[in-house]
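Chain naming follows the written order as A, B, C and D, and within any one chain the residues start at number 1.
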Amino acid sequence: MGETKNEYSLLLPLIPFLAIVPYLAIQDGNSSTDFAWMIVVAPFIAFPIILITGQVYNKNETWKNKFKEGGILALAALLVSLSTTIWIIYDYLIGNANINNSDVTSWLEWISFDILQSDYTMAQNRVLGVGVWVDSLTLMLLFVATFLCFLICWFAIGYMTTDPINEDSNHRFFAEFVLFSLGMFGMVLADNFLWLFIFWEVMGLCSYLLIGFYYWKESAAYAAKKAFLTTRVGDVFLMVGLLILYDIYGSLDFAVVFDDPTTGVGGALVDSGELFWALMMLFIGAVGKSAQFPLHVWLPDAMEGPTPVSALIHAATMVNAGLYLVARLMPFVDVHHHGVSGLEDFGLIVAWIGGITAFMAASIAFVQNDIKKVLAYSTMSQLAYIFTGLGSALYFLNIDEYYAGYFVLGASLFHLFNHAMAKGMLFMASGSVIHEVHHAHDHIHHGSDHGDHDFDPQDMRNMGGLASKLPVTATAMMFGSMSIIGIPLIGGFWSKEGIIAKTWSAYFHGETLMLGPALLILATAGMTGFYMSRMWFMTFAGEPKNEVVDHVHESTPWIKEPLIILTFITAIGGFVLAVLGIVDFLSNKSDNLSFTSDLETLSEQIIYELEHAFLPEDTKLRIVGWVTIFLSFVIGPVMASRVHGGSLKEGEKANFFVGWLVNLSGKFGKQDVSWLADSQLSEALDKRLYFDDLYEGVLERTVIPFADFTAWFDRNIIDGIIKQIESKSVLGSFEIRKFTTGSAGDYILMATIGALCIFVLLMGVSF
Amino acid sequence: MIDPSWIAGLGVILFGIGLLGAFTRKNSIIVLMCIEVMLNAANLNFVAGASHYGDVNGWVFTAIAIAIAAAEVAIGLAILLSLYSTQETISLDEANILRN
Amino acid sequence: MYIRIINGGEFLSDPLTILTLTPIGVGLILLVLPQLLPGNLASSVRKFSRNVSFGVSMALFAFATYLSFTTFGGIDWLDINMGEYELMNDEPVTLISSIGVSWIVGVDALSLPMVWLTALLIPLSMLVEWDAKEGHIFHPLILVMEGALLGVFVVLDLFVFYIFWEMTLIPMFFLILVWGGEDRKYASMKFFIYTFTASVIMLIGILVMYFHTGYVSGVSGTLTGHHFSLIEMDSEMIQSEGLRHLVWILLLIGFATKMPSVPVHTWLPDAHVQAPTAGSMLLAGVMLKMGAYGFLRVSVSLFPESTVVFTPILIILGMASLVYGAWVCMGQTNLKRMVAYSSVSHMGLIFLGIATMQPLGIAGALFMMFAHGIISPLLFAVAGAFKHHYHTLEIGSMRGIAHHSPYLAAHMMLGWMGSLGLPLLAGFVAEVAIMIAFWMSFGWLVILPALTLIITAVYYLTSMQKTIFESNDRHHGILPDSLHGEEPRDITWNENTSMFILGILTIAFGIFPFIFFDMMSDWSSGFVQEVLLNHLIEQGVTP
Amino acid sequence: MNLPISSSEAELVIPELIMLFGLIGIILIPNLGNASFRIPLTRIHVPVFIGGSRFKSTSNPKLPNQVSLIIFISALFFGLMQNSYGKIGDTLEVTEFSRLFSLIFIAALLLATIATTHRIPARPNVKPPNDDDSENLSSKKINALIDNRRQVDFHIILIMVGLGMSLMSMATHLFMLFVCIELASLSSYILVAFHKESKVGGEAGMKYFIVGSVASAVGIYGMSLLYLWSGDLSLDALAIKWSESSSIDPLAGIAVGLMLVAFGFKVGAAPFHLAAPDAYSGASSPVAGLLATASKAMGFVALMRILVSVTMPTEGEAFWYITIAVIAVVTMTWGNLAALTSTNPKRMLAYSSVSHAGYMLAGLAAIGSGLGSEEAIELVLTAIVFHLAVLVIFKFGAFLVLSLLETEERGHKLEDLHGLARREPIVAGSMFLFMLSLAGVPPLSGFLSKFLMINGIVNISAGTGASDATSVLDWLSSVEPVFWLAFAIVINSALSMFYYLRIGLVMFFEEPEDSKSIKDAFSLRLAIAICAILTVIVGIGPLSDSLLEMVADAINSFVSN
């Protein structure tokens, strides 16, 4: 398994699937939205096929080698989804008349019913169905989802099938993988809140299955349960939100609801108080799904799943669902376009939650040694950025500062895109690291009895100096980290800057309560710089900390390609898209990306963007911007390199892309931080600020005893009454049978007494 | 001519004696006799009624009731005999295999 | 001479009559025949009685399917108004003319899905216990059960309804008593007496209704001048409102016990734990629904204003069942007990759905009946297979069945997920419908059922964690002591098939609920319109 | 020739005549032998056939049984065929009512006869037991003796019971009624004590006899008081006198009260029922069955005569209403509670029959409340009579099953029923049906009868609640207490379920002590099967309808009298 083998021939069966969409697209009269169902249905078909075939032909050689235990089938399904997505995006961008917001293609009339209204008339034939809803937000997320799912699936083929621990169970992985993808695609495409919720839950299920993929591990099973339950808490509130929304608008279709959010069902004016609670409920759902404070506890544990799962669920797609939902809520508050006024508080709450989470996650990430855990907290933190941005957007839109609102909305969504790409790649890269370290470890200990079972291939303290061993991975990871940190000009910089700036500007605008989130995310920017750099340096720079490192080399097929693709996108995609006006596009301010072939216009656009990013007109914002850059670009990385950086071992040489960074990190000198590492703060952070313990404790002290009490109550009180009746009857029976003494004299006596009683009764009543 | 109510009064007394005896005495022969006494109380009533109403039916009832009483005694004695032959007692209290 | 024969020759050619009486007839023949025949013949009958039972039940299922779906049966089920029934027999057949008992059958959207469900579950439950000991009795007994259950759903005469209602107890009593678990004696007695007690109390209610029926020629009794025909009944004939309420309460006692609702639910866990798998499946799948069906068919339909007046009672009962049931579930360590309490919990939702008095809520309750009718048999089939192969029902004693029996693990997961209301599975449709309606009627009170969904998830996930997962070893599960060190077997083909079908249906009805839901919501709308609105507004009662 | 009875009158009482002549026949036939009378001084032997050494056919110990079978079957047949009614003399009148009861009695007796056919095989040359015989052996010998020597006696007495009961149902004169009851009762005392060689037989007979005699002495005394009061004991005259008197004469009240005691004993009402369980458990099953069905029916006829025909006022409640209601509730509860833990199946059935008496008394009480319309009263009466009729089917059926067990010396302990389903599936199934029917589970006939009872009570009482009551409590406080009788019945039914089911439980659950099937007793099994089938088909369907119509006609004739 160790040697690299060219397995691209296995991809040949994908060609027909590649051809499906182009074939349909060139047919006359075919609208891409009419085929949007293919995005969902392709994985839906693949799911049972992979699962059942895999179960039946588990040990079959062809299934293992040619189909990669279902990986190729999954890839085919995802390819169909991806190509359909590209078709839709293409249609949209060329301005195909068939695609606009009001054009809802209905797939399924799920249930239909009547409603008894408060005036005792029936509202006939309400339908809860599902159709497709396409706007820029959909397109962006759809692209992110299909594209990343495809790449991660590709990656997983290499990653999963070469790991002996997954033997014979990869079909399960791929089946659950496509089902998961289905959930994400469906959620993004759904044209109403109910179906958004439905697919949302499908994702929840799949995350449960995939996190618990190593079902025999107690920690994995526990993590899976925790993830499902925590998100379930949010989901339930989300559902309540749906109920309220339905009550207000009499429909959950975006088309109906967003048509005029101020008017409810039957033309009633919408009460902002009620709507506020609906939105709050929906937001709690989003908080759960996107792992924000206080429902964040599941995300780090969720790293128990295989690394592709982490990449898929916990960075690239699923956690974005919450963001997507909040972004979807914009029309409610968009006062400029029929939004309901008086909902600024909602925006503030969102921003605060985001700010708190961002700061908290970043600080916890400081002390993590598990490479995936660092990424997990970074995910949490970055998502929190986006929430803060969305919160600001909600705030701005609701006070009718729609220009600023749209800008920060676009920036947030752009950050979502950047983060997804970068984080997807980072996880895959970390997977590559873990995989190769693990292989190397196995290789060393092959055949020896006293294998080191405590060896943790995810622990960064076992790594170091991998830059030369894993050149592609190191490069990818460097660009990914840069994007996350927000190194100027790279990926995330463009979006993050916008979020921070606009959050501050909300404060400057006069909303003092915005100061908190603004400060928090500003601080977090610097912290991000630190922990991401720390991760990179610990892994790739410095001297190897474990003998295993010497044996690491990039050998596994299928792993490099996605990394390379994503490296490009991360490195320059942000800039390109920013120039193309993605921010305006995503916030629906403009209908299209500003493509141009005119060089002059292009350079104008570039200059505009750069100017906007580095030299905003507002002085205060300019200061904020530069402080951000300074914190994240200089302070964080430099401090990290002082603690963890260092040159490679003698004789090792990293490639061009990363070599400079390794060398640079060695230049800053060493700083001893052990006093800090031993501090109480560090321990608190290591324990995740005791949130898990708190929840656990509360559960154990209240819920479980109460459940036991109810069970006891049921057994001994409610059923006890029945049992008492039974035993008392039996007792009574024994007593009453004692009257039958066996003596005829007694019988006569009893009869006489009875006769006397009869007379008493007769007398009493009649005479 | 005795007033029929005196006859009936005697009947009440006899009936009381019979009933009292029936549940106080343990010897079944005596109980049987008490039953006879009760039946005779009824007979006295019939007689009293017959004489009061001048109705011949009352006499007939009396005659038949006496016959019934005779049959009853016959059967009763037979049953008591068979009881005695198996359990060697005719006490109401002692014959109590069947109970509860 | 007084002897008379049944009038009306077409009686036996009636589809619903065939559906109801065939299984009873065939079942009884299969049970009794071997006793009467000489040895050789008897043993050959015994040999085939299992196959014959299964064949008959499959044929009935095919027939029910034919009748149920527009595409086959040619009946547009969406086109039936409130109070109308399809497939009715043309002339009521008099059974006891003196007191007005007639054979009247008919189905509408309320009973049709139940009929189909029953016809479906019978062959499946037979299949699950294909190798039951003394199969020559077991399978015919289930066949008899089928007839009784179908009878409850199709009969429109209260007397005959009551007969079928009680008749279901007898086969179930035997199923538990003969094929049950350790403590089957106690469980079967408790089951029988408990539900019997409740239904005789209900009988008084039925009788009060009976005495307030007018003379209707053809169905009324020659002796009494009253009749039991549901179609002709009208609670208006009962003048005293207090009496109407009393009847409603008496009926509720009977129906709520069957459902079962807290606090009269304790027969259920015992019965379920001890019952054989097939028995549990039918018990949870169909018998519990009888309570809800009867409640809708009789209490709610005939006494709408009592239902409105007693809405708080419904909510209290529903909430208690739902919330309390879920909490008790969490405290269980026995797999079957847990699933049984989860049934209690889910049945609570039905009351809540009805209490909303919204077409959507009622339709949701109806769909809940149906969905739970698919999911809970799956749960019990899983629990039964678990018991069958691991000889224990303790949660946590057997871990890692994902390794030992991946199919069982998959079915378990699907069933559990369906039960906790995962979208795209049948249970969710009902939940969401009831919840929407509940919010409309009662607002923030919905938070209780909503939070219960979390509790439901907690206990299901915990039990899954302790059974499917957590074996600590890739290649071995943690085996329970009850296996005595033997390696457990994978589930058998028949169990697998049965669960597979139920699983497929769970998914199918989750994605395409409209197959039955539209029919149900049509019925519910008609119900609310006809029964509630027209009726109550006349009365001046406001819902 | 001047017959004491005209031919048109004789037509009315064909079944009774059959029994009467059968009685003579059954005395004569087994004595037929080759005895001959030699004409003095000649050698001519004129055969007289009575005495001498018996013919082979007449010495068959089963002959009396066959004769009485023929008698009862033909009586039943002619009873069913009969459709003319009328008076016979002054004290008897054949009506639909009396005919129905005759049929009930005869059917019960027929079943008893069938049950005795196979109870124990008759064998020649059986010696009485010695002192040193083991208990088992001696009881075997005793049984053989019973069968051999006293078969005739048994059947003679059976027929006398039949005659007494049958005539009793026709009696229109209170004294006649009483004499007939005495005829039946005295015979039944003998039947109970028939098992005289066993210890329990004599004891059971003694208790039943003593308590029964006291009761009937009390009753006859009450009747004599009634005679003192009215001077005429014919029911019509009493009814007229009763309805004429504006208030209730204490004398009459006491008289009726005393008679209640006597008839209460017959029906097994608490607290006069105490001897019944002892008697049932001491007697053989066919006899116990007879006591539980026919004897009880007889008691109810008497009660109905005295309470409904005579003392029921045309308007308002009867003076005995509360008394009967209290007795009813006490009786059913007592019976059910006591049966709950009885381990002897016969005792259990005895207690169950006590509780059934309670249900029927509740019906009577509902009539006594005087709230019901004529139809309602008829309905309740129909229910009572219907219940008495179907009791013969399933209560006797249960005793038949016990009879079958008795053929192998079992049937006195619950353990004897253990695992019956394994040994005898059909019998066990039938027994279970009987039990369910006793408990009142639909669609069995026991349900229909109990249903009708509750039906009638609800019918009478439900209309009494305030029609303007808007809440449940308002209504419940306004309704007549009769309504609660329905609840009493219902709760008691539920309670009774426990011990009926327990029989099923032990039959189907426990392991049998002996896995051999019980010996082949064809006619007994046939009778059990017929009872089982009737239990089901009289529950619902045309046959139940026919029976109900029959009962309704009977009640019509009863009420119109």
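The definition used in the following text is that contacts are C-beta pairs under 8 Å (C-beta built on N, C-alpha and C of every residue); 3 or more make two chains touch, one makes a residue touch a chain.
As the structure is a computational prediction, the values presented were derived from the model and not from experiment.
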item	value
Shared interface partners, meaning chains that touch chain A and chain B	D
Pair joined by more contacting C-beta pairs (A-D or A-C)	A-C
Innermost chain, where centres are averages of C-alpha coordinates	C
Cα-centroid distance, chain A relative to chain D, in whole angstrom	80
Gap in Å, rounded to a whole number, between the CA centres of chain C and chain A	40
Where chain B and chain C are represented by their mean Cα positions, the distance between them in whole Å	64
Distance between chain centroids, defined by C-alpha means - chain C, chain D (Å)	42
Per-residue multi-chain contacts in chain D, two or more chains	206-207, 210, 214, 218, 277-278, 498
Numbers and ranges of chain B residues touching at least 2 other chains	19, 22, 28, 31, 92, 95-99
Multi-chain contact residues (two or more partners), chain A	737, 740, 742, 744, 746, 748
In contact (per the touch rule at the top): chain pairs	A-B, A-C, A-D, B-D, C-D
Chain A contact footprint on chain C (complex, rising order)	190, 194, 262-263, 265-266, 324, 327-332, 357-360, 363, 400, 402-403, 406-407, 413, 417, 422-424, 428-429, 432-433, 435-436, 438-440, 446-447, 450-451, 453-454, 457-459, 461-462, 464-465, 468-474, 511-514, 517-518, 521, 524-525, 528-529, 533, 537, 543
Touching residues (chain side chain B, partner chain D) in the complex	4, 8, 11, 15, 18-19, 22, 28, 31-32, 35, 38-39, 41-46, 48-49, 52-53, 55, 57-58, 61, 64-65, 68, 71-72, 75-76, 78-80, 82-87, 90, 92, 95-99
Of chain A, residues touching chain B in the complex	737-738, 740-746, 748-749, 752
Touching residues (chain side chain C, partner chain D) in the complex	1-6, 32, 35-36, 94-99, 101, 160, 162-163, 165-167, 169-170, 173-174, 177-178, 184-185, 188-189, 192-193, 196-197, 200-201, 203-204, 207-208, 210-212, 222-225, 239-243, 245-246, 249
For the chain D and chain B complex, residues of the former touching the latter	175, 179, 182, 186, 189-190, 193, 196-207, 209-210, 213-214, 217-218, 220-221, 223-225, 227-228, 231-233, 277-278, 281-282
